[in-house]
Structure formats: structure tokens, C-alpha cells
Amino acid sequence: MPADKLFNKVLIANRGEIAVRIIRACQELQIPTVAVYSEADRASLHVRVADEAYCIGPAPASRSYLRTDTIIEVAKRSGCDAVHPGYGFLSETAAFAELCAAEGITFIGPNPDAIRTMGDKVAARRVAAAQDVPLVPGMLEELKDDGAARQVADTIGYPLMVKAVHGFGGKGMRVVERPEDLARLVRAARSESFNCFGSRAVYLERCIESPRHIEIQIFGDKQGHVVHFMERECSIQHRRQKVIEEAPSTIVDEELRGKLGEAALRIARAVGYDSAGTAEFLVNAATKEFFFLEMNTRLAVEHPVTEAVTGTDLCKEMIRAAAGLPLCFQQQDISFRGHAIECHIHAEDPDHDFFPIAGRIAGLRTPGGPGVRDDSGMYEGLEVPPYYDPHLAKLVVWASTRERCISRTRRALSEYFVKGIKTTIPFCERVMQNEHFIAGDYDTTFIDSRFVKEDAAREKPHQEVALLAVAIKAFRSDQSQTRKSAAISDTTLQAESGWKMSGRIKR
Amino acid sequence: MPADKLFNKVLIANRGEIAVRIIRACQELQIPTVAVYSEADRASLHVRVADEAYCIGPAPASRSYLRTDTIIEVAKRSGCDAVHPGYGFLSETAAFAELCAAEGITFIGPNPDAIRTMGDKVAARRVAAAQDVPLVPGMLEELKDDGAARQVADTIGYPLMVKAVHGFGGKGMRVVERPEDLARLVRAARSESFNCFGSRAVYLERCIESPRHIEIQIFGDKQGHVVHFMERECSIQHRRQKVIEEAPSTIVDEELRGKLGEAALRIARAVGYDSAGTAEFLVNAATKEFFFLEMNTRLAVEHPVTEAVTGTDLCKEMIRAAAGLPLCFQQQDISFRGHAIECHIHAEDPDHDFFPIAGRIAGLRTPGGPGVRDDSGMYEGLEVPPYYDPHLAKLVVWASTRERCISRTRRALSEYFVKGIKTTIPFCERVMQNEHFIAGDYDTTFIDSRFVKEDAAREKPHQEVALLAVAIKAFRSDQSQTRKSAAISDTTLQAESGWKMSGRIKR
Amino acid sequence: MAYIVTCKGEERNIGVEERHPGLYTVHLGGKEYLVDYHESRDNLLSLIIDGKSYEVDIEVSESGEMYGVDIQGDHFELEVVEEKKKKLARKLSAAPSGRQEIRSPMSGNVCKILVKQGQPVEPGQVLMILEAMKMMNEIKATVAGVIGSLKAKEGVPVATNDLLCVVEPAE
Amino acid sequence: MAYIVTCKGEERNIGVEERHPGLYTVHLGGKEYLVDYHESRDNLLSLIIDGKSYEVDIEVSESGEMYGVDIQGDHFELEVVEEKKKKLARKLSAAPSGRQEIRSPMSGNVCKILVKQGQPVEPGQVLMILEAMKMMNEIKATVAGVIGSLKAKEGVPVATNDLLCVVEPAE
């Protein structure tokens, strides 16, 4: 139906829920899709819903989802003229974007220079500083040695953060409380960074205590237009991983929104940003001071929150922009309607320190009704493999006000049922009941400071119902066994028919 | 969380998807719910999701869902202070609304006088006429006898409609093409009306040919405020049953929207309308002339379309208004954002003249992703009983433009899978591919005039895949049979273990 | 193994071999297909054939021989029999009869019967009216013929798949 | 029929009788419950007890004796044994041991072991680090005791439920 065919075929270099999200966008744009999968992901939902699917290697990501050569080869062999990297994996690898370009394949994302500059956290800070955007106080170059560390640390003051220059995803970071820990923690951060990102480079910045994590969604096209889609509040985090996001933020007023938006746009323009991206800030809720943290040069995990309140399909717009089309909206067209909350459904046990859980999804019921969006990589029967992020799905809820949105999220979570593995659903339910969250009074320390971990010994009001249910279930099973036993004798024929029955498909 | 507790407990005097819709609204308002069910509906989804559930009689609606005495008794016994009738059943029975009031139970709907006046189609026409709202030309009182019929018919002109004064749902209606058929078809309409509604009263009005069916959502509170939520286009009908609706309409411009809205408000104000309701109009697409048809004094089946484009939860607002709260919006707050399409998922075989189908839902996958709302009474394993409307679910899709909304609806329908019974899903898919529908060029005769019924003999491109799939499936089943057979001998013990295996729960 | 799959009355010979678990070579109509087969859950299959990915839903009858298959909105009814069994069955089976059984597509109430025993009918002719789900539904003849036995009775409820009447070949 | 249901170590006697199909009288803790029971699909139950409606999800172990039950966000692990069988089993079973088996909660790689055989441990003490799903996860002792056998080896992958080590009673 779109008059303009954007691409002939798109390869999605990702897995799970984000691959499904991108495939849906392509289907709506009537672009055929190619999925790639590791040997551990043959059963993954994205394989089944794509038009084509190719295995690209063994389970470890380094041998499959990160193999740029294999992915490019599949793209060329299957006739793809574009690749969407999703988030994670190759989405922020400038070399991959360059390789695509060299092979005549459009990389659906920003230009490689923007990825490279922003991927170097120190370079990104220098860009922001040059644009007069307030930064978390700290270094604008990488840390040389321990002597330099002592000196810089004294200037910055304690507590401070040691951070990997090429890090992301909360890895290669250490909080330093006291000078005597500095040398040891710098070494630890360097070593973790080397293991994760292949680089020992770190830098120091002040540790902002109890900040709000607010990010601005930005969007640019290849004609040099850049707009922003206002903020998302992402302060509910565990191990620096976001768990729940919302928009608008309870602490961002029109004035702060304008300032944050302008700051994000200045940075985006400085690197010629030409796709979907996110500028992250730390904000002091009391003073409304804000500090640029870093920029993510990809489709954000939490982009559906912004889609819900602005009515824009960011994933689809990203594909259009990559095809060279100009933005079909201007800054003044973009406004919030209502409120949205996103809950991450992870394969983790929230009662045991978010311990990741692999296993089989033995049963699944997803919520429906008004204002509920289910972005999922799950299905009943899926074996969740232990090799990747524990991210299973996102529940995105919209309502006209924040209060109604919380009520609706609670209702939707109560309908969401995953049998067979533990998930973060009960955790999200508890957040929706938490008085600090309801009051909008929380920051990145929320889970540790204002959240009561579940009392495992608490009263469970439905224990009697559980007892009644299993007793009747056992009774019925025994009754039907008895009836069957009465009906058989011990001839071979009947033994065989017994086997046949067990093989029969249950309707 | 709402500071004001609206009701202590609400009884939902309905079943299926609309009962589930209302239960969800109550849950979000933190009001406990009571479901009622007939003996045929023990397995119905609304029974399981309500807080309480009571059986109110045998399968026929006249002995269960229409039993006002039983329903009032259950409401009182279970401590309900309000009843929501949904649509159909008792929703437009003024006597039930009065009975509730007499028992001190709030009827969630308009006042009984408004229901009674609008339930009498001739009285409703008189109200509209008094408000200078254009009417379908015809009678303002009921038809006396055959002599009168001849005379009135000559004035109105042919073709004309004979319609039941107390009718709804497309019953008790006949189109008369020629004078010689008049007497016979009046008799037929009278008799059908008597069977369905207990009244022989009919009237005549002109038959508007190939009209658009456009309706205006209205909403009033108990303080006398009434607003409208603009139009829905409901011209895709079969047997006068709506199948697909959309908003906004492709033929309604700002001027016509204003006129229709004003007309609907005049009628609503004239009867002191104080809840959610719908004013139906026939519109001539070329001349933009419009004619008042009738008013439905209940929550519309297709209310989610309006919810999607206006961002208002009409079901929740209806409960608030019934509790005596004033509207929290004024006319100028109400505007469209984007476009919405609703597809009715019925248990009908569209390839066989929409023949209704009862049976077991052996498998179910519902669509997800952005802009998709699933309002459903289905679950995997449900036996659809043959006693009620074939309405299973509604798929409501939102996108920023009509073109994108059609693409997204198509994508969502392709994800929607119901195994075990036939549904209208393939029909809706074909409508989304129809060039006239895509061009917005359709009217109430669309299905008969511009829609190619499926060619049963058409090429099915995936037949080879089907052959490959079943051959491998059979092969695997035979292999596992062989392996098992090899492992057993003919002793009683092993015969029993075979039985045990068949009784074992499949994981 | 060799199977005979019947699709819309047409018999096809299909040979299946397992290459590895989950990977099959299938011979059909002179062509060889390499099929990557994964049963995601009972009767929900993911097939990858030459890179193309298919989501396939299957329903198997209790006898294990009739398969209902859904692929991307298309439905297929297939009979699958092992070649050896089929040959055996042929020897035993009687010649197929040309009569058409009209069965109730759903449970409901027969409110009107419009034909009599012995009456000739045309394809598409309305034979009776069944009331179900609050609607009147026409039961039509699918082939030309003569009404044989008429089992349905006016006013008598019927269940899904009950025999309503039989249309015998016209000659 | 009489059952013994064990819930968090506590045994409850439950008597079940069928009144009509789908309607049961259950005796539990001196009270009598009338339960309207409907299995909407395998292991998804709708229970109505005194008007209250419950959606109950059940998972049954292969042995048929262990039940996982989910009701409105709460999870229960229950053992159900017929009374007669239980009595028999008691006679046969050995006395329960006080030792604690630490098993791997998921498949992954043991990257570090922090305890040695014979070492006393406190509840909550980290015994080893398991790398799984791209994260480092601490395996902790749940009771005080002494490390008995230590099955896990650094750098060796483990599957879900593999025995990692045993914590023996301290005395």
C-alpha cells in the first residue's frame, strides 16, 4: 500500500522481542523480512514470523549474532538491501555500519561517524561540552595511570565513578567511595572493560547521588532535520538495567522539558545525527539541574513508551529515514497525550536478587483490553535459552492520566501469566503498589532504598483454595484412572492400544 | 487508588467479550465484580475473571440473562450496588432500569425515560423532528391498517422500509420494492416483530439506497452536560449486522461532523440523556445530506473505535457518570488523533453466507505489537455455546493515518489464529485488501455489491508446504510409535504403565 | 517411509527420510525438498524450506489419518496413509458411493423443512432452515440429486454433525 | 477419597466426594467446602466456592504427586498423596536427613568457587559464582553448616538442577 517501496527486503540482525517488533514494522510497510538465528534459537519466535530464516552459527553471540561476515553474507545471498540491528549486539558497532555501506546494504541506524563518536564516552562528553550542555563533572579524556587517577579524583571529589570509555550496559563501572579504594577499583573496571569490550580505557566522573535517570528521544533524517520526542523517565533500575519506564516524567515540567530537548538536539546536530537515538541525562529532582550522561545511537529498548504518548511509530520512521525519506513531522507536531508505563518482563527471579532463569514456558496468558500493548518474543512451549539477555517481553500500558495508567498497568499485570519459569511480573506488580512510586517520588536508588523486597513468609490468602484445587484434581485423576483400569485386561492388543492413546494428539 | 470509591460492587448482567470489557474497567477502578452466567456458560471467560460468579438459569437467554428477577436477587444477595447491562440482553429495557432503581441499585446506563422514548422508534423520530433534525422521510406514528399503508406508502414512495416500532438488531424489518408486495411484507414484519419483541406495531419510512451508516457517540452526565465524541463509520454490514467500523469516516469533513454532532446533541438533550449512547444517521456520500435513523441507549459494541481515536475510556466514564460524577471533559477537549479500525471476530463461516458455528476453540493466537487492542471472550479450550450471538472478540487497531491503519490491521489479522472453528477473520482480511474499501468508497451495500466472495477454487500457494508438513508429522509419529513398541512387551504391568502414560499431564 | 497423501481427492506419493533429528529429505512430485522441521509446541510447526520460513498449524484426527493444516490463512484437509496400509485398505474397501450426506453444521433447532423424500434438488437449493445462535440459517444442497432419507424433523433440535438428510445420485 | 496434602512441610488431611460431575464436597481442617470445579483446558481451572470465583493454574509433576499451583499471583508447591499410599510409604521410607543440597538454578558456567570441602558456612554466604545469561550470579548457602561434597568445578558448565555441593549439618 505505501506508494514508495522503501526496501526490497530487510535482514533483522537480532533475536527475541525486538526482532519481532522490527518484523512487524516491516510487515506493515510491506517489506519482506529475513531472520537470522543461532543454533540455540531455532525455536525462537522471530524465526517463525519472518518470511525467511537462516542459521548463522552456534549459541554464543560471538559466533553468531556478532559475526558481521556471516550476517553480511546472508544479507547478500537472500537479496536484502537493508539490515536492522535492533538494540544490543551490532547496533552500536560503527565497523558493522561501515561494512554494510561498503557492501551496498543500508544500515538502518545512524551514520558510522555518529556511532563511533558517541560510542567513545569521552569523545561524547567533549561533544556535549562543546555544545555547552552540562555534563556530569569529570574527565574529558581517558585516564592515564594511577598517579593521574589520585590527582583527578581529588579534583572531582568522592564518591566518584570509574567508567569504561567504550562501555555500555552497566559493565566496566565502579563506584569509589574512599581514596584508598581508588587504585584497586580502577584496576577492576579496566579488567572488566577489557573482558567485555576489548579496551582497558577508563575515565573518572563524579557520582551523582540519588539522581533521576531521564532520557530524551531524538530523531533525525538524512536531510539534516532533527527533532526530539521529549522525555522518558527510566529511574527504576536494577544493576543499572532499566526495569520500568514511564513518560512523561513526574519531575519534568515544560521548562525543563524544553531545556533537555534543546540540549539533546544540540548534541545530535553536532554529530549529524540521522536516525533514532537517545540522549541520557541525570537530573536532580529538587534543583532541576541536569547533566548529560551519554548517548545511545540505536532504537531504544523503551521506545514504545514514547510511541504510546506521542502516537509516532518510531521503528517505522527509522526505516523510512534510512531509506532517505525526510521526516514527516516537525517539532511543533510532537506532543504528549496521556501517560504510558512500560514493564520489562525478564526471565529473572525477583525474589532471589533477579537471578536469571532459563527454562520452558509451559503456559502463557497475555493481557488484553484497552491501552495494553504486548511486545513479546514468548509463546507457549518456548524453551528460553540461557545464552542471551533475559529479556522476554515488554508490557506497555497507556491511559489518559498517570493515576489511571498505574491502575491499568496493575490490571494488565494481573492478567499476565507465565508458567514454567520465574519472571519479573510479580516485581512489577509490587512497584505498581509502592507508595513512593505512586507518588512519583523515586530515583535510581529506588529498588534498594524505597522498595520492600517481598516477604517470602507473608500470608498467602489463597492457600486453602490451592489445597482444594489439588485435592479435587488428584481425585478426578484417580477416578479416571480407575475407570480406565477397569476397562483393560492384559492382552498385548490392549497394551498396544494403550500406547496408541498416549501418542494420540490431545485436542 | 481513585480517591472516590464509585461503587461497592458491580454486577455485570452480560456475558462474553463485553462482560470481560466491563470487568476490566471495574478492576481498573478497583471495584469488585460479580459475573452471572447461564448453565451453558460455566466455561465462559467472564466467569473466571470476575471476583464472584453466580449461575442464573438454563441456556436460553429468556431463562437466564433476561431474567430481571433472578439478576436483581443475585445483585442484592452478593451486595452489589450497581448493575452494568453491557449491550443486548437487558441494556435497553426501561423496566429493568426502573426495577434496579426501585431496589436501590444503580443501573449503569441512561435514565429509564430516555431508554423508553428511544426504544419506541416512532417516539424517537418525533423527538428528532421536534429538534429540527432531518429524518429519514416517513411516518411519525405507527401504522394503523393496510388501507393506511397503501396511502402512506404512496406519499413516501418506493422502495420503502417496514420497520418494527420496538425493534432493534435488524429484526422486524422488510424492504418493499413494489406496491403489490406491501400488504404481504407488512404482515411479515408485524409477525417477526411480535415473535422477537412482543409487539406488532410497525411504521413505514423511505428506503435510502446505498447510504453510509454514520453514527455519533454521545455522552451525558447527571448534571445535564452532554458532549459528543464525533463519528464512527459503520457501513460494512452483513444482514444489518456491523462487521467492520472505522473512525474518522472518509466522507465526514469538519462541517458535516459539526452538523451531525449538533443534531445528536439536540436529541440527547431533549430526552435528558445522562450516559453513553449512540445517534445513528444515514448519510448520502455525494450530497452530504443526513437523516436521523435511531438512537441506541447503551454502550455501543463498537465503542473501542472511538476510545482509540479520542483517548477516552468510555466504559469507565459511563461508570463514573452513573455514580453521579460530572464529566471530566468538555466538548473542546475532545478531538481525534489518528485513525482506528475495528474488526468483529464472529463464530461464523464467511465462505458460507456467515453461517454461525459453534464448537471448541482448539488453538488461539492473538495479535500483539503497536496499536493493537484485543477485546475478547475467547481462550484456548473454550466451547463456544450455540445459544447466543456469535460475537467472540473485537480487534481494534490504531495508527496515525488511515493508510497505515489498514496496513496494521492486515498485519494484526495475519497474526490472529483461531483453530477449531471458522471465524470472520479471513473475511476481514479480504476487506482490508479490497480496493473500494482502501479508497474509502463503500456504503451499506458493500458486501453485496463491491466485494468478491472468496473463490473456493482459488490457487492456494502453500499446498506443497502443507503436504510436506503432514508427511513429516506422520513420519515422526510412526517413528516414535515404533520406538515405543520395541520397548514394550505384553505383560500386565507394562500395559498399565502404558495407561499411566496416557493419563500423564503433557508439559 | 512412503506415504500417500490425499488432497482434494487427488493422491500424492510422498517419501520421507530423516537426515538428522529435525532435518528431513522429502520426495514429492519428482522434486526433492530439504525440510528443517521444528515442532514449537504440539501441532504448531516451524518449517524452513530453502530459507523460506513457514508457521504451520496442524490438527490430527483421533484416527491419526486426517490432518487439518493451516498456513498463512489457507486451510487444507489432508488424508495421510502409509503406502503399505493404503494398498491393503484398497483391497478391503467397497466401491465408494455417490450419495451426499447433509449434516448439521452446528447444534440448533430445525424450524422448517422445505423438501420431501424423493424430491429432486439442485445444487444451492435450500433444504431446510436451522435456527442457531439467534439466527435463521439455510441448509443448502451442495450437489444435484434426489432427497433420500430425511432424518430431520421440524421443531426437533439437532447437534453438530447430526445427519439431516441424504441426497442420492439423480440417476 | 482421602488425601494428605503437604504444604510448606505441614500435612493436611483432605477428603473429597463428588456430588455431581463438576461439583465436589471437600473436607479440610474441620470445614466443609462445596466446590464448583471446571477445567477450562488442561491444568487451567475455574473454581467457584461460595460465589467467589478463582482462576487456578496447576502444574503436575511426572510422578503425579507434586503440584505447582498459581492463584492470583501467589505460587504454592504442594505434594498430594492418597492417604493409604502415604501410610505405606512411611513404613518404607528412611528418616529424613538434615543435609542441604545446593543445586544449579539454571544452566551456565561455574566461574568461581569460593568455598572448600569441610569449610563452615553461614546462611547467605556466597559459595560460588555462576555465569549465565551474560551475568555473574552468586550461589548462596541457605542454611548454616559445613561444606560436604563439592561437585562443581571451576570452568565446568552445569545444567539446571545439577548438584553443585552439599551443606551438611554443622554438628
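Letters A, B, C and D name the chains as they come in the text, with residue numbers starting at 1 for each one.
Here is the rule we use: contacts are C-beta pairs under 8 Å (C-beta built on N, C-alpha and C of every residue); 3 or more make two chains touch, one makes a residue touch a chain.
Here the structure is a predicted model, which means the values were calculated and not measured.
Seen from the Cα centre of chain A, the chain whose own Cα centre is farthest off is C. More contacting C-beta pairs link the chains of A-D than the other of the two pairs A-D and A-C.
Rounded to whole angstrom, the centroid-to-centroid distance between chain A and chain D, based on C-alpha atoms, equals 32 Å.
Separation between the centroids of chain A and chain C, computed from CA atoms only, is 46 Å. Averaged C-alpha coordinates give centres for chain A and chain B that are 38 Å from one another. Each of the following residues of chain C touches two or more other chains: 42-44, 59-60, 64. For chain A, residues touching at least two other chains, in rising order: 49, 362, 379, 414, 477, 504, 506-507.
For chain D in complex with chain A, the touching residues are 1, 3, 5, 7, 12, 14, 16, 18, 24, 26, 28-29, 33, 35, 37, 39, 42-45, 47, 49, 54, 56-60, 64, 67, 69-74, 76, 78, 80, 82, 105-108, 132-135, 137-138, 160. On the side of chain B, the complex with chain D involves touching residues 35, 42-43, 47-54, 78, 379-382, 504-507.
Taken in their complex, chain A has these residues touching chain B: 1-2, 20-21, 24, 27-30, 49, 304, 307, 311-313, 315-316, 337-338, 360, 362, 365-366, 368-376, 379, 399-400, 403-404, 406-408, 410-411, 414-415, 438, 477, 480-481, 484-485, 488, 490-492, 494-496, 498-504, 506-507. On chain B, the positions that touch chain C within their shared complex are 239, 347, 349, 352-353, 355-359, 362-363, 386-390, 414, 417, 419-420, 426, 429, 460-479, 506. Per the touch definition, chain C reaches chain A in the complex via residues 22, 36, 38, 40-44, 46, 48, 51-53, 55, 59-60, 62, 64.
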